[in-house]
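Shown next, in structure tokens, is the structure this report addresses.
Chain naming follows the written order as A, B, C and D, and within any one chain the residues start at number 1.
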């Protein structure tokens, strides 16, 4: 029994290792191993979900210095991790299966499936981790698998750059994360979540310290869950294969940041100031990303910004809700509908022969009816249409937010309207109107292996918010003192968003609205690349120059050249004339005598 | 014969055989493989916690009146370093390309470097500890000067003169250490000196510590004495760079951990600010210099300089956690940089250039190569799963709680939120982790990713022996990375 | 009656004259004479010291006087060798001027 | 009883001269070989001597203490090695000596070092200024002849003239210095001086220091200490190579023995010590800096070795300046021994190489690693030992010197020493670079080496390495 989590954890790693060595010889073997391991893990996770929490787990010390430092490796099996396990493994299984169809003609098949399996291993590690260092380890490993998978098309400059950027931006987040871990550990002497919760209370008399620590830990979330200001990598990560975007960069990996916050929810709620910071970051991200999404042309990028925006909701939810189940609920529903949306987008992209610009699509409704249907379900869920899953979870967060942080709450209300607008902008441009490109004219529905996962996801995307599901997985309490006007406003905004999108984009051949500020992503990317190019690389160039011409000069060149030059000059005392030598001799004698007698 | 002496003699005998004309490559391979096997046996036979700090001890008095003797012995830490040295030697010989010009001298030089490293790590008499390290100086000079590339002459000169200078400064430090001992008890025997220090018989030795720091610092390329290193490594043939960056450069830090930490803890604390500034220079300054390198070999050279900063941090913090972390990093960095230099040499061999601007997309014609390089690069930037991560994290944990005042302590009802210098250095080091990701991934991206230049489409895959050797290095890093507890246990007995 | 100081002053003068000769004269033979002068300066003061500073037994220090004889002998030997070299030099270069001897330098 | 050894050497020299004159048909090389054998026999004989002061009276002018005995052996060994070099060098000498028949003058060339040897041996035991003066002049005058020996070679003659004039000048300073010391103490014996030093009135201190200073000048000249080193490069370059080697080893060593004895004698008085040690340190620092720096730009091998010899005098002087420490004497003696081994080894390789190339430039060593691997290896060891790399005697020498200096807290000197060691690495490795990095010229003639030279080189290499690791046998012998 207690070995089951370990089996769940290491099965994908074993699969990845085998694929690494044998995968190149056989495509079916790669895919089969990956899917098999994911399915097995999925079954085990569901089974585990039905069991009561185990009272004891296996745990060993990875590094043990006694009192000075103990880094354990152990698993937590509680409600939170069980839900997450189920979500991750289920979606992973579906996406793995979908990949078989999507990647059929691509090269690097084994590399891809090895990467996916490695990702699953790392993600499960995050879910199961019972302490900060173990979480950090897997945190970095998901970064690695993300790097591998984004860089799958490594021959494309854009993909290679995106992979690199994703890794580095995540590392910047991890810089804060690790520092936060160090601060918490230095104060409490433990790394284990369950022990930390108890000890933080003793430490509550030091609010500043704890606040700083928590905010730094939150940096990890900012990086991994693509919150402002470290959100830039996520849209670029769309350079990876679409199933990857779906699994890693929409449904699971990016949610790891939120999951981590949920893990330390009790600690966070002991430090109000940190919560304020988190709320503001989440709220602003949520709104700004929605603004950016309204003006994107790439089908995947639109979805990527919507992911950022939804993650912003979750982070805001962490800060404002009274229980971790609230953001987790949205994470749960979001995982299904966002994954569904991406897989639909992947289906469209395959149909369009890897064209991703929505302004080259159009009228795909009839050619890809099944995909269209699934996508509409996903979009409705995303934009918070009543009776669809997103409606329930998102409104819950908005409710809490409006109560606790009125400004941010109302901002998120506005965002909900924007969400409906950009989501349906996508639907209308891609599926309605006229075909704007040859590919669009000849698009075809995707193969069954891709459609089945769509179907399987469409159902939870629709119903995951319903009460019976919610009861099964979560214990959500409704927020109190919510203004009664909130829900009507949300409905109106939803309708307004859909209708305005319909009005603007039903038959548009090109974007009738042009807001460069949004289209250029608030110029944040430009700012960053300017900083990287001019400040970081420029500074590095200056330092490099200094290293060569100042440090090396001072430490090596000048002394050595000086010595040589002195030698060269001294040599000329040796002019070969005897009487000069006699003179030096005499002078030396006088000098020595002076030294000896006078001093 | 004592097992450790055997270990040192094997490469020397191999070198002798090579010089008199046996098959150079084969002899070197056999010699180094013998050593590796032998070290593994020693590790297996090493008994922890039986009360003996050093095992396999043998002693041959050389100058008894001065306490100089060829005393060999190994504890956990030295075994770890011996393992590193023998492993890297095997790899270096395996990836070496037999040159047309004077192959015998080439392999003999490699064997000499190996013997120097092994001897230094196996000696517990400071005199021979020092002497063995110098055994590698001239072979390196020859290897860079004869078989190097680029501006090899300048690089060889600079490195050799600089290292010679550093080692003589170090010699002064060791003599100083000898002279501050009470008259009549003077010795170079390290355990005896540590015993005296523990018994409080040694007076304050700040100036000796500074000499040791500068001497060892030059050998380890401590900022600002680092400029010899990148140039030398960039110019050296791959096996020489592997051995030097992987093994010999570790000598300095090993020495500091071995000598300065137990004997002059007070001096280390007293001069901690100086050291912290210098090591932050290593991490941040050299880190940024690394970013702007335009050639792979230079980039790797600077990165190896940068990584020394972490190990110095582990040393400066001077607690068991950080010292263990530093030791792990010695091991980890030695292997990862050796693998990287090996691969770098293979690329140079194939393309004749290491300029990022000219390379690109190499993962296409040589996927296995790309994979190995990826592993090695990830290991170098401290990705979890590799032993480097374990080392780094221990260094961070150790150094973060070093020094005074401790943060977060409630003193008289008032909370203290004030970083001490160790913590600031730790934060800088953490940022260094980001920097290393930047330069390493950039390099990887520029060399292996992106569109393939037609010039390189016909490049061959990595050759068999090199592939196996590098794969073995990577496997070692993975195994020890998954189970760093093994190494920690081994080192623990060294009473750091 | 000359005192020890008088002798020493004369001897110092001789030494200086010899040294100046070595320093300024261009002809090697003259330089050699300067060198002999320096040795004789030493002889003079040795004898003077020996004669004026009598030991406790009232006898002069004979060691010094023995040394004087040695110096004279050695000087002779030196001159013999020196002249031989100068002759050989003259044969080769037809010169005895020191400033011509500057092929070995730097 | 050790007097016989010097007499034996002397008799050997006279005998050789006689044989050379009366049996002109004998091959001169045979003569030299015989001399080597006899010298070896004498060397063996010295091991049966017990170090004992012959006349332990205050007026003793001859001391066979351990130090003296050691230097007698030192002199014998260096003479043997010089003869080996001389045999190798004989063809060059023949070319520059006018003679009616082949080999004319070679007999003297082989014999003169033996007379020098006798002088050196006396010098090793000399404990009285009279004795010191006589032995010193015996050595110096025989060196005048040897330096100028190739009398059809302008360089040799010029070197001889320079050495002659400057040497005579330094003799003048020596005797004048002795004069003043005698004048102030009434003694010429070193022991006697030591005993009466305390009674010298304060007023005479200055005059005494004046005398000591003059003697220091003269001995400084002998050991090539800056600023009295100007003769060294020119004379070394011009002299026949074996003589250069002999001059740089034996003459310097003898100078140091005398210096040590003299300094020892005067150190008894604390007032003098306070004056003398800084002066010696000053000389040492100057010599270190001058020798090492000026060597950096050299391209001529013999001249390089000359500057290196100045540099080594610097390290030795650091040892002399540390005489207060009990370790200093041992350090100096060991350093001298190391210096003997490595210098002779360097010259041993230099002679065949320059014979083949017809010059003494470092570039003549180009590609030696391929042309003559054995000789190149010997040169490598010699250079590394001169530079002070561990596992060679050169390193141990420096180690002992630095240890002694640090004991006496001569930190400035030690720092100078370390900096200049780094310079040393540069110029010694220049030779290594030539041998191993540089390709051999196309038309490089083969380097021919006689078996005797080869054997000697191998022997020296072995000694350098073995003693570099295991110096105990030598240290046990030292005082």
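Everything that follows uses one rule, which is that contacts are C-beta pairs under 8 Å (C-beta built on N, C-alpha and C of every residue); 3 or more make two chains touch, one makes a residue touch a chain.
This is a predicted model, so every value here is computed, not measured.
Looking at chain A and chain D, the chains in contact with each of them are B, C.
Taking the mean of all protein Cα atoms as the centre, the chain whose own Cα mean lies nearest is B. Greatest Cα centroid separation from chain A: this falls to C. Judged by contacting C-beta pairs, the busier of the interfaces C-D and A-C is C-D.
Centroids built from CA atoms put chain C at 65 Å from chain B. Between the CA-based centres of chain C and chain D the separation comes to 26 Å, rounded to the whole angstrom. Our note on geometry: chain A versus chain C, Cα centroid distance of 95 Å, whole angstroms. The mean-CA centres of chain A and chain B are about 35 angstrom from one another, to the nearest whole unit.
Shared interface positions of chain B, defined as residues touching 2 or more other chains, are 161-162. For chain D, the set of residues that touch two or more other chains comprises 161-162, 165, 169, 173, 233-234, 426. For chain A, residues touching at least two other chains, in rising order: 560, 571, 574, 576, 578, 582.
Contact between chains, per the stated criterion, is found for A-B, A-C, A-D, B-D, C-D.
Listed in rising order, the residues of chain A touching chain C in the complex are 571-572, 574-579, 582-583, 586. Within the complex formed with chain B, the residues of chain D that make contact are 369-370, 380, 384, 387-391, 395, 399, 402-403, 406-407, 414, 418-419, 421-422, 425-426, 429, 432-433, 436-437, 469-472, 475. Those residues of chain B whose C-beta lies close enough to touch chain D in the complex are 61-66, 70, 102, 105, 130-132, 134-135, 137-138, 141-142, 145-146, 153, 157, 160-162, 164-165, 168-169, 171-172, 175-176, 178-179. Across the complex, chain C meets chain D through its residues 8, 11, 15, 18-19, 22, 28, 31-32, 35, 38-39, 41-43, 45-46, 49-50, 53, 55, 61, 63-64, 66-67, 70-71, 74, 77-78, 81-82, 84-86, 88-89, 91-93, 98, 101, 103-105.
In the complex of the two chains, the chain D residues touching chain A come out as 161-162, 165-166, 169-170, 173, 206, 209-210, 212-214, 216-217, 220-221, 226-228, 230-231, 233-234, 275-276, 278-279, 282-283, 290, 292-298, 423, 426.
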